[in-house]
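To keep things simple, chains are lettered A, B, C, D and E as they appear, and every chain counts its residues starting from 1.
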Amino acid sequence: MSKYLYYPGCSMESSGKAYGESINTILEPLGIHFEEIEDWNCCGATEYLGINLIPAYSLIARNLALATKQMNGTNTVVAPCSACYLNLAKADYYMQERPALGEKVNEALEAGGLQYTPGTLDVRHLIDILVYDVGLDAIRSKVVRPLKGLKVAPYMGCMLPRPDYKHRWTDHEHPTELDDVLRALGADVIDYPLTSECCGGHMTQIGPETAFELIRRLVSDADERGAHLMATVCPMCQMNVDAYQNEMNHFFGSDYHMPILFFTQLMGLAFGREPGELGIGVELVSSRNALANIGVEVPVTQEPSAPRKKDEGLPMPKRWTKHEGKEAVK
Amino acid sequence: MSEQFEPTIIGFTCNWCSYRAADMAGTARMKYAPNVRLIRLMCSGRLDPTFIMKALASGADGVLITGCHPGECHYLEQNYKALRRYLLLRRVLKGMGIAPERVKLIWASAAEGVKLTNEINTFVEEIRALGPLGWNKKLAGNGHKIEEPVMEEVAA
Amino acid sequence: MSKPKFAMYWSGSCGGCEIAVINIHEKILDVDANFDIAFWPVAMDAKVKDVEALEDGAILLTLWNGSIRNEENEHMAHLLRKKSKILVAFGSCATEGCIPGLANLSPMQEIFDVAYHTISTDNPNNIHPQTVTKVPEGEITIPALKDRVHTLAQVVDVDYYMPGCPPESHQIAAVIDLVIQVLEGKAQLPPKGSVIGAGNSTVCEECTRKRNVKMIKAFHRIQEIAPADPELCLLEQGIPCNGPATRSGCNARCPAVGAQCIGCYGPAEGVIDYGARLVTAFASVIDANEPEEIERILDGIPDPTGQFYRFNLADSLFRAGSSAFKKNGH
Amino acid sequence: MSAKKLEKIGVYVCHCGSNIAGVVDVVDVANWAADKLGHQGVVIARDYKFMCSSLGQELIEKDIKELGLTRVVVAACSPHLHEKTFRTAAKNAGLNPYLVEMASIREQVSWVHTDKVVATAKAKAVISGTVSRVIENAALEDLKVPINPNTLVVGGGIAGIQSALEIANAGFHVYLVEREPSIGGHMAQFDKTFPTLDCSACILTPRMVEAGTHPNITLLTWSEVMSVTGFVGSFNVTIKKKARFINEPLCTGCGICQEKCPKKVIDDVYEAGLGYRKAVYTPFAQAVPKYPVMDKENCTYFLKGTCKACEKFCPTGAIDFNQKDEYINIEVGNIILATGYDLFDARRVSNYGYGRLPNVFTSLEFERLSNAAGPTNGDIVLRDGKTTPKSVGIIHCVGSRDKNFNNYCSVICCMQGLKFAHLVHERTGATVYNFYIDMRTAYKAYDEFYQRVLEEGTLFVRGKVAEVTDAARNEHEKGKLIIQTEDTLIGKQRRIPVDMVILSSGLQPRYDAKDVGKLFGISCSMDGWFTEKHPKLDPVATMTEGIYIAGCAQGPKDIPSSVAQGAAASARVLDKILQKEVVLEPIKASINQEQCSGCRICNNLCPFNAILFHEDRMVSEINPALCQGCGTCVAACPAGAISGTGFSNEQILAQIDGLLMDVNLVGA
Amino acid sequence: MERITIDPITRLEGHGKIDIFLDANGDVANSYFQIPELRGFERFCVGRPVEEMPLLTNRICGVCPEAHHMAGAKAADAVYKVDPPRTAKMLRELLYMAFYATDHTTHFYALAGPDFIVGPDAPVAERNILGVIHKVGLEIGGKVIQMRKFGHRTVEMIGGRKVHPACAIPGGVTKILSEEERKEIEEMGRWAIEFAQFSLQAFNDIVLSNKTYLDLIVGDVYTHRTYYMGLVDENNKVNFYDGKVRVVDPDGVEFCKYAPNDYMNHIAERVEPWTYLKFPYLKNVGWKGFVDGKDSGVYMATPLSRLNAADGMATPLAQEHYEKMYATLGGKPVHQRLAIHWARLIELLYAAEHWVELATDPEITSPNVHTKPTQVPTEGVGIVEAPRGTLTHHYWTDERGVITKVNLIVGTTNNYAPIQMSTKKAAQNLIKGGKVSEGLLNMVEMAFRAYDPCFGCATHAMPGQMPLEVRLHNEDGDLIDVIKQFVD
């Protein structure tokens, strides 16, 4: 059992309930133990930092300070929500980068008898620990119901990979961690160019038409590429794509039906759990038809064979990964 | 002679970067504080801590060490060796009750005449702020005669 | 026929040099046979008035041990310089100030404040010794201490230097043989100012430990790794051994029993500042380029100044720490 | 002051017209030197308008002869300007040149200070320091080492080939080492060369053949340098000749083995990953030498133990599966490194989608695509292998001039991009867009080519491309690659759909350049290119005597410059060879064998491997020819057993005393 | 509250000396024994790493560096709360026994010997080690030299150096003893036992059987009734390296027995303006001036005190002689100072016997010679018996084990007050009507020579023995005569 400090974040109890539920089903099989940070508070989401820095950072840092009290055996804090992850990581980073800020924030924390030394904690996102701590092999080994035939568009969202303070991701423009996890589950992962594009965030509240356009791009492209559904790592992305898809259709007079699930829900399925336990079915754009596909066979494309005929395809270069051994200088 | 204290500083330069930077500063007629007197070495790696101690003990108020930027050493990596000695030497000076800030290591490539002159001016001010060291007056020159230390030094 | 006169005197020393001379065992009889011992407090009764009565240069050879700690020491130094043809600074105190020279790191005032106010001292009236005291019967005096420790050469002209704390007996015996041979016209005296009774190289030359190209990632205190590898160079094991910079002649006795060289034989031939040699030597074996990393490694040496000037401070370029130059009561 | 007898020192203070005299009271300085430095041994001090003039030099020579001066101090400009001048003058007058020192009172005093009093005082201090120093100077003799006439050239690209030929034609022997199976380098992969558009193969092949057959050239392909010891004049080099599994003397290069080999492998070297080769292969038809190599990793026999098709069909029985790597030792006097470059890996700029989006190509891929001998026989088609693009976008500065990747300009990309535009036009008539930051077409006939391409109707968009995506936003974007960019000329964001994108990737130092640098004892710049001795005045020599660099190993450059550098490097080598011996500056360190304790602390300090440790005698020793005179070991020796000529402890310490003379005279 | 500070003022002059003041009749009114120096180890050891203390404090005294080496190492152990392995302790003690044998030999033959063997009133020129050798013959001289050789050889084998050994570190020692070395050491030890017995025999023949000397010893001139201090093992037997400090009163009754870290509650030191050396005394009795008796805190710490303070010796042969001495001198405690010489020889025998015990212990060659310290260093006290008295080292460190405070109460210091008293008493008895002869003067010296005072230790400053100058003042305090003399 490897232990982690757990910061669920607000949405885990509301819009992202299904996320929370499905997470709980995969922890045990993967040998992960989450210890929830006691008395945690909201991270301020995307807005507060835009309004007033010191209080916003203090609000975030309070959670870090609380976490340090609980770090026996681990200093890793895991957040499943991209916004929470980004905020926690950001606070830790800037308190270190700008000592002046660090001091102010700690002054504020003093009031609550708390204080936080930046760098003490290691803030990471759920998928980060799944891929790099647990490992894809371990995940693969737990799959009892491969998602073969399910065409999934992997949607990482924009807050997770950028800015990549600690260089956690293969690539902050086109990260492939989610692709890898889904592949490990046996799913047919489509190449989804918009994986790190914005879902509109809270623009749905203040400038719907802007948000609608962004959502449309995401949905239409996934649809375009024949995805049965989208998989995400972020409650906000999930909510925007799911909850506003209808309005978006209405706005553009289009008729997309692109379900979006949390990747942990798909993991649950692959690990043999039943939809009910995973909060599947509560999504507004139903994933029923999509999931019906699980188990369908699809032929694999074969290597080109000599001699070259006029219409023969040309080979593709290997995918770039940062961890490639023979890397150019610098 | 103005009232303010004019420090005397010994500067060690690398033949390939900082000394050329000084030449460049000259060619470009950049003006800077006259308090620093330069000694040319082939490389900052040649800098023996003895030189620095000798300079301070013989009346210098500060010592400026200059070398090629890390990774740009003319002799591949000798400036790193200078860096290690410098960091250890500072600790020793501290133990001797001498402000480590009296010795400073900066990197300046042959092209950085401007940087060099700025660094010199800054350093001169830093030493001026620290005040005179006057070790040569503490010891009687060669140290063979014992002389009562002069506490209130006169500016050189 | 009258034998040449021999004298040995101590000033602020510990008596170890005298013991070392006695430790030449039978050789002491050669001294007796070849010299008329004019003045040697430890070995026999004698009178300063007799010495004062001698004409200048009457004593052929004087071995002086001990540093110049008080006014009386200096007075005796001038007297014996005047009366001796050959004046030898004998032992670490006389040549370089030795460990008592570390007193030069603090003002005399502080030394008094500490010595006469230790935990077990009962000194409510804050009494310190004074050079003149009125007692019921009259006035009694003690010599004033100098503000700092000086080496013999710093107060009088010295002919030869014999390092070591104390000099090893086999070296003393060798020197005595040499002088006797010179008396018999069988040998020549070395040039004035030479170091006698020691090698020109450093302790490593006599050390039997195996050594490689040195690169270390950390310094260790000896108690952290003792017993050290009996074969391997101590410095390579991270133990701050002063051997590389310390003059040879002792047969590397301390490293031979697993203890690091602490430098009692002082600098090697032609070296101007002993500590500087160690600064550069230790810095040279550090295997790091990043300032932070280097600093971390240097933290392994808790007391660099003491480490590098343990014996040599009074003879270093700086002679003393700056506070030692402050006048008493300053 | 030591009791040794005084030197006779002459001090010469230069006015340098008004350059010095304008700020420093040179007359006063000269008088002061004669008076105040007399106790140091100064017997004559003169001031003169221009010391460096022949009259000024004669002044010194005359004094040396008549006054029997034993030391000379010239207070004038920087030693970097005139040290040689005055040392030669001294030499002519029969004084060892190394007994002359310069005090820089121009660059370090008159030009940088304004207050005359202060400047004059500083000038005195500087001179006092130099006088104290020069007393400790020792008469030195220049070191002379014989030069072995053989030369090693590493890298068989156009630069290396050029160097090799120049030297070989001059009648000296050259070892040309190439790690690939054939020489030719990147140039052999190109189709056309800008700006003249002549066929690369056509101009390169004759040179390759000449190099391959030249009596004075030993060609060692499929080989790598393993170790280099020694120093200028006599390097000892070990070369690993990797097993080809072909018995060269028997092989006729008929190519049957390649035809018969059943195993097909993607060729990511010569074909840039765009084509295939066999497990036994010659990279291309005109390969020199003609002998194929067997690729052990992919050969069925080596993998499975069966097959041997090649052996069966080889008419001369030249296949030898038991061949072993071979190690060759050679002695050379000079070395030229022409190890070339790596193409910037465009996959790193993931927003351009290379590696993800099939129809994004790199420049090298396109070179192969457009090459008549390439995988498509010169047809410019999409990755599906058949479709001809109707629109093509060429993106410049990929990985270059970019803080995230390489800050430098890769020099060739602009011209390359223009060349591609032209070829696409010519062969497909497609619409071509060039996306550039700045158009850099310096050098002969380059800009004319730019004009020509403009006239051909290529569309130029000035702006850095944000991303290349296949996520369409509307119908006419569907199925296309959309290039999202800011057009800085119209100040708008644009989305331009195209069928094909060509990334004009920049050049990068070889991934192993640093190791190679270490191997040969030369350094790399921050970017990783080999550092030249002087960026302007000595671009092909390095800090290490006898090692030269040419071509892209020194920095990005086009073919003409590479050829020019190759020739330049060999000219420097020939000059050395013809001198028969080389003179080394006598600034060297040496270890007093009596005093060395064998602590080995100095051993790790020399990057030139000049310090060797004698296990038997337990002492370290310095090889003077390898020593570069940096003095690091001198400063490091805890026993003070290492001394350095030219910059000895005595000289420096004396100079410190001299520089501080006034400080210690306070009150006196 | 008013505060008086008396600072030292700079003025040239001075000798280590006794000032003796005479009254109108030329009889001794008072005398002062002064120590002219101070080196300040308590100050400059601050800032040094604790593991260096055994090496630094070595240099307090070259006569008994081993004592400081041991006390320093034990204090350092205590600072780290680490318990060295048995072998390590034995190696330290073995080195220490060899040193003891050597040091006691040196003192008896080279320093005190002349007084008895050559004679207190013999000509100056003969009163030295060479004189002794001439008198007793080269054969015995050879033995003495041999004894010292063996002692130093052993110290060198374990400690690295003959003078200022280097092997003891926090948690144990750096040296592992080989079997060959052990054998050699054992043989030398056995020879030492022979030598010790021979020396006791010589003492018996030359001193005890000589009426004049015996009278000197038992006479009142050299007698003081003080407290006695010494280190004892769990059986209250004399121990040099380890145990508790036991103090008996002038009647030989145990006054207190304390563990090292408790010393502050028992010992205090007094400062006098006329000397650099402090005067320790029993805190719980109090300072009553330079007087003896039960009410004065003055105590003595010498070989004799150790025997007085203990119930016996831990080795058989030494025990025999222990009993013999007290029988001869009329039971415990013995107050006659000159008996210190006898006690010293008994200790010599004990040291030799224990030397062999340790050298023959099967575990002595075990490689387990060090325990790695794991605790955070804080504070610690180390006490051993130096030949010249109980030696106390007390260190405080920061969490890195760097010294922040030091307190040292060293061998001879303990005896400063008694020495001051003894010399005064001797002077009073010997100098009458202002008549002084060199012989008398030497008798005065003998008074403190018996203590084998090592002021190198005492002031952490001056050499083991120091020049003595007797200054005679008349009743007005004017100086009437000065007799300078260098004594061993």
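The definition used in the following text is that a contact is a pair of C-beta atoms (placed from the backbone, for glycine too) under 8 Å apart; a residue touches a chain by one contact, two chains touch by 3 or more.
Keep in mind that what you see is a predicted model, and the values were worked out from it rather than measured.
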Can you give me the shortest step count from subunit B to subunit E, moving only between touching chains? 2
Which pairing of chains accounts for the highest number of C-beta contacts? C-E
Sort the other chains by how far their Cα centres are from that of subunit E and give me the top one. A
Identifier of the chain whose CA centre is least distant from the whole-structure CA centre: B
Could you state the distance in Å from the CA-based centre of subunit D to that of subunit E? 74
Whole-Å distance, subunit B centre to subunit D centre, using C-alpha means? 33
CA centre of subunit C versus CA centre of subunit D: separation in Å? 54
Mean-CA-position distance for subunit E and subunit A (Å): 79
Would you give the residues of subunit C that are in contact with at least 2 other chains, written as numbers and ranges? 105, 272, 277, 280, 283-284, 303, 306
Mind pulling the subunit E residues that touch 2 or more other chains? 47
Tell me, which residues of subunit D touch at least two other chains? 605, 635-636, 649, 653
All pairs of touching chains, please: list them by chain label. A-D, B-C, B-D, C-D, C-E
Residue numbers of subunit B touching subunit D in their complex, please. 8, 10, 19-20, 22-23, 25-27, 29-32, 34, 37-43, 45-51, 54-55, 58-60, 71-78, 81, 85, 117, 136, 141, 154, 156
Taking the touch rule as given, give the residues of subunit A at its contact with subunit D in the complex, in rising order. 171, 173-174, 191, 193-194, 217, 221, 224, 306, 308, 310-320, 326-330
Subunit C contacts subunit D in the complex at 200-205, 211-215, 233, 235, 243-245, 248, 267-272, 277-278, 280-281, 283-285
Looking at the complex, which residues from subunit D come into contact with subunit C? 594-605, 613, 618, 635-641, 649, 653
Subunit D residues touching subunit A in their complex are 264, 266, 268, 273-274, 276, 342, 344-345, 347-348, 350-351, 353-358, 375-376, 383-386, 405-406, 467, 469-473, 478, 508-511, 513-514, 527-528
